[in-house]
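These are the structures in question, set out in turn.
In the two complexes that follow, chain A is the common piece, with chain B as its partner first and chain C second.
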Partner chain A sequence: MKNGNPIVQMRSVSKRFGEIQALDNIDLDIQRGEIIGLLGANGSGKSTLLRHIIGLYLADEGRCLTFDTDAAELTPKELGRIGYVHQEGELLEWMKVEQLIRYVSAYYKTWNHQLEEKYIADFDISLTDRVGLLSPGQRQKVAILLAIGFEPELLILDEPASALDPIARGQFLDLLLGIIQDENHTIIISSHILSDVEKVVDHTLIMRKGAILRDCSFDSLREEFIRFTLSSLNGPLPAELPFANTVSCEKSGGRAIITVQNDTQEMLEAKARELNCEIEFRPLSLEEIYKIVVSRE
Partner chain B sequence: MGILTANLKHLYQRRGVWFWYVILLCQTPMILMPNSDRYLGYLIFSFFAGLMAGGLQKDVLVKPFSFCLPNHRRIPRTFIFWIGGVVNFILGCVFLRYPGLSYPYILLIILAGGFVGLTAYFYGVYSSFLALPTPAAGIIPLLAAGIVIFKWDVAVQNVVVSQPTVMIIVGGLMCVCCWKLLGRDFLARKYCGKLIMGMFDSWDLTKIEKYRQARAERNMTDRKVKFFEKAQRFFLGKMERYDFMSRGRYIWGNIYMTFGKYFGFWNMWHILGFFALIVFMILFFGFMGPRENDKRMIGILFIMPAFGMFSLDLMSYQTMVFPAGRRDKYYSTLILSAVITMLAGLLVLAVTGISIFLETILPEFSFRGGPMLRYYGMDIGDFYIYWLFMPVTLSLTLAFPRTKLLLKIALVMVFMQAWIVYEIVSKQNLIDMIGPIGVLGIIAFCWIDFLVVLHYVCMRRSLVSQGR
Partner chain C sequence: MLLEIDYHSGVPIYRQVIRQIRQQIMTDGLKEGDQLETVRELAARLKVNPMTISKAYSFLEAEGLVERRRGVGLFAAKVKKGHLDQIKAKLLDNIVNKAAITAIQLGVSQDEAVEFFKKHYNEYNAKNRRQK
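== the complex of A and B ==
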């Protein structure tokens, strides 16, 4: 993976809506084959960033290239390689679900009818329902089908699973895992359900107030923050613990739960031995890491 | 703060209410009617006030939280009676102008006048608060005809002046009935959480869309399903004549999307209603004849399609990503606009033809000894007005996609002014004033302006606004 030119390049992209700085000098490269988790609070600029990639928004400053084409000038050739799901996006409300699928599929030579049938069966989609009267969850399922049906090279998912029930969310993640078997696919997924995101992403982008706080692989983010339990083998722990870059520390008698940044397990183990303590590492979830990153900035 | 006080705050806190105040303000000439021997013009004001008060309270009851608020279920009744009482007994004071009435008899007259106003007010309340799903305003034209032709208002006014106690007793009984009717518990249950388009929901695009879908589903028939299947086959057939990713495929798809969006909601009654409205306008404006400037009022029908364009979304479904770039959107919207202009133009031509035909066959007549009424058809020479207005409204629709509802409302408000402007402009025919070349030049300028706006919107502006 990560071969050739990035499929999305953003250089100094800024966007303002009135008083709100929605994007602030964004520089970003998205490599082919990456599964990117786009994280951030409401209003942090995630959707705005995604919309720049497909040319729905135009940058006030800077430049966004998608498939080496200026996003403002994307042609059917490039747009035909992009699938997009928006949390509350429009669908053709007046159509029946089956009509909508037939209509959208008419645009794509690569429409995969087998995938469509499997998806409809797996996700229990009723073809005869009117789109405008679907529940939010059903609506999201249809939107996902329309975005993946033609097997796009770049799949942009903006809060795709927010309305799905737990079973459908599990199926959706399985579906994504299936898609990413093919290294030619790139997925950008923006979601607040971080426990889901962490199962599939290999790269994370954390945004806050229109700026990117972190742009790194998920593995390196996990290595950056380490949480461990330190248990004293004789008596209470000393008042001052010798760990640099401590993010948090909850002490209770001879035991402490500590989170540190930019340290290695080997070094921490050595320090624990010096303190005559037992150390037990516990991996941090993406949600915990996200909270730490955001709170420290 | 009491519940009633909180409800009364809606009178200045809701944006939509201010629009209704403008409507009410427009009715003030009807209240005063100086130099007239008719005093019940304020009934129109009362009716609109009733519509507003009822609509406001229905909006409150629809919200599920209001169902659970203690002592809230009967507050709408109190609210409606408070507003009605205050407004109508003030309006009843117009009888102070009535000649020859002395104190204290005049107080009885004012009270009786107030109760007559309450009748119109409660009819407004009934239309907006009790009638589902839309206001039962069908009786209004009948009343209007009765007032114009048979002077019903004068008859009622005579009873108010000669028998005020009768009016007060009848009005009092009516108030008791309304008090009972509006206090029933089932109303709160009936409205709680129901998807109802309130009178102040014109700004809530999501709710409008949801409501339209629910209504469309209710109106769906087997015949309609078959029609849409046929329509889809037709348009998909047209799309498939072009290559994948080609502009032609998107253009046909876009025409299908846009027309489907609007026609998907129509049923036979909508179609009949639409044609009935056209027939009504052809007759109404035709019989209004020429004014002082010799210009036929029916010429206003050349502008009507342009007004209709305000409800049109020329660039819809932008958050659905199709293989179509901005340039494709530009051309497809251009072609869509051309198709709409041609279709509306054909309709205008048909209406013109019908009105000209009617002019030849409808005889001159007089009603109950009134002035002679003669029908005047449209002047085909004024067809240029259509070509002049269409690009202007299309441009406005494109330039202000989010505010078009407000724009439409504002335009309805200035409609009468536009009428006057039309009359002033048409004192002398525009073609006579600046010649056919000049008119062609103005039309060309308007269309070029439309092209510039369209190009800007498609190529230089964000295709969706924030929050959509």
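== the complex of A and C ==
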């Protein structure tokens, strides 16, 4: 499914804002057809990274290619293939919602009117309201429509769902999954609401202090850490437990709750059998995995 | 193919898909030669990423449970007897293992535990026979 060059290629990209190292030597390839979850605390560099992709910020050092074009030299031709929603998105405040949609859609030959109608109905958008007077949630819905209406090949969503209520968030995620059914679309979604992205992403980037800590498939991140409870069938557990790469271990008498890295259920089961213990696995949520990764490195 | 995906269980979705399809093939829910939904159909229906489904399918193919017919699609494969027994043993092993441990923890003797197992086995088996 991965055809052609990566859609975005970053090589040794660094960026400073005064004292702050916003991006620190970033190497990154983004493949076509992926939904990428970009995770990180506030100030970790997520928005800065995304802005480099579309040339809103230019790297101090290194190079960023988007659609095989230097991000500094993107023309309307390439930019017309990118949809971008961000936190403090500026819209034309004095227009009515319908005017704004007509105004933006006129720029795109590929504007999908059917999608627009469906979106307006599904998300309950009021066309006659003045844009400047919309609630943050309504405003975000309009911004999303303007970014997806022309069916961009690359959709960049910077905290897109933060102002949406839970039901609208659910609808929004379903919408993303609808878009990705066509392999030609790539979505990068940054969020700190981890339970949101959990359902849709297939690749994860974890950032901290301007650096990328993890760049891997979501499934392999999921399987990197395993948590289990060990219950001895006779007496207390031995003082030394035979598990390598232990991330955390709480022990009390005959029971222990342990998290390990890079091990398989089969191997752990075999060890539990040797120890004459019951073993019970509990999958970790993305939030727990995220905390482990960020605290360890 | 009736599949249920729990998006928040923490178990990777492709593993949930593999497990449920394997189960259906082993219990004749999917019979030899039955065609599986295409990657696109299944992904759209379950609302998951197509790559997730295609990953699950390639694992099932490697396991020998499904076979790819070029240009046609994926089908439940004919599984060789020896291999079939192996998979069955593994599926059963996990569950019986749990039951054995629980019995030991509760101080239930081996004979009692076996009786329990027989009782449940016979109960369902009798029901099944009556229906047929």
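One rule holds in what follows: the second predicted complex is superposed on the first by the 296 of 297 C-alpha atoms of A that agree within 3 Å, B and C clash if a C-alpha of one lies under 4 Å from a C-alpha of the other, contacts with A are read in each partner's own complex, and residues count from 1 in each chain.
Here, contacts are C-beta pairs under 8 Å (C-beta built on N, C-alpha and C of every residue); 3 or more make two chains touch, one makes a residue touch a chain.
Only a predicted model underlies this, so the values are computations on that prediction, with no experimental measurement involved.
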item: Clash or fit (per the criteria above) of chain B with chain C on chain A; value: fit
item: Touched chain A residues, chain B compared with chain C; value: B
item: Touching partner for A:130 - first (chain B), second (chain C), both, neither; value: first
item: Touched partner set for A:35, first chain B, second chain C, both or neither; value: second
item: For chain A as apex, the angle formed with chain B and chain C - C-alpha centres, to the nearest 10 degrees; value: 160
item: Chain B versus chain C as contact partner of A:70, first or second or both or neither; value: neither
item: Partner chain(s) touched by A:60 [first = chain B, second = chain C, both, neither]; value: neither
item: Contacts of A:222 with chain B and chain C, given as first, second, both or neither; value: second
item: Which of chain B and chain C A:89 touches, first, second, both or neither; value: first
item: Contacts of A:108 with chain B and chain C, given as first, second, both or neither; value: first
item: Shortest span in Å between Cα atoms of chain B and of chain C, once chain A is used as the common reference; value: 26
item: Touching both chain C and chain B, counted on chain A across the two superposed complexes; value: none
item: Interface residues, chain A side, partner chain C - complex; value: 1, 33-35, 174, 177, 180-181, 183, 195, 198-200, 202, 218-219, 222-223, 231, 233, 278, 282-285
item: Complex contact set, residues of chain A against chain B; value: 17, 22, 48, 51, 54-58, 72-80, 82-84, 86, 89-95, 99, 102-104, 106-109, 130, 132-133, 146-147
item: In the complex, chain B residues that touch chain A; value: 209-210, 212-214, 216-217, 220, 228-229, 232, 236, 239-240, 244-247, 249-250, 253, 256-257, 260-261, 264-265, 316-328, 459-464, 466
item: Residues of chain C that touch chain A when the two form their complex; value: 7-12, 14, 40, 43-44, 47-52, 54-55, 98, 101-102, 104-105
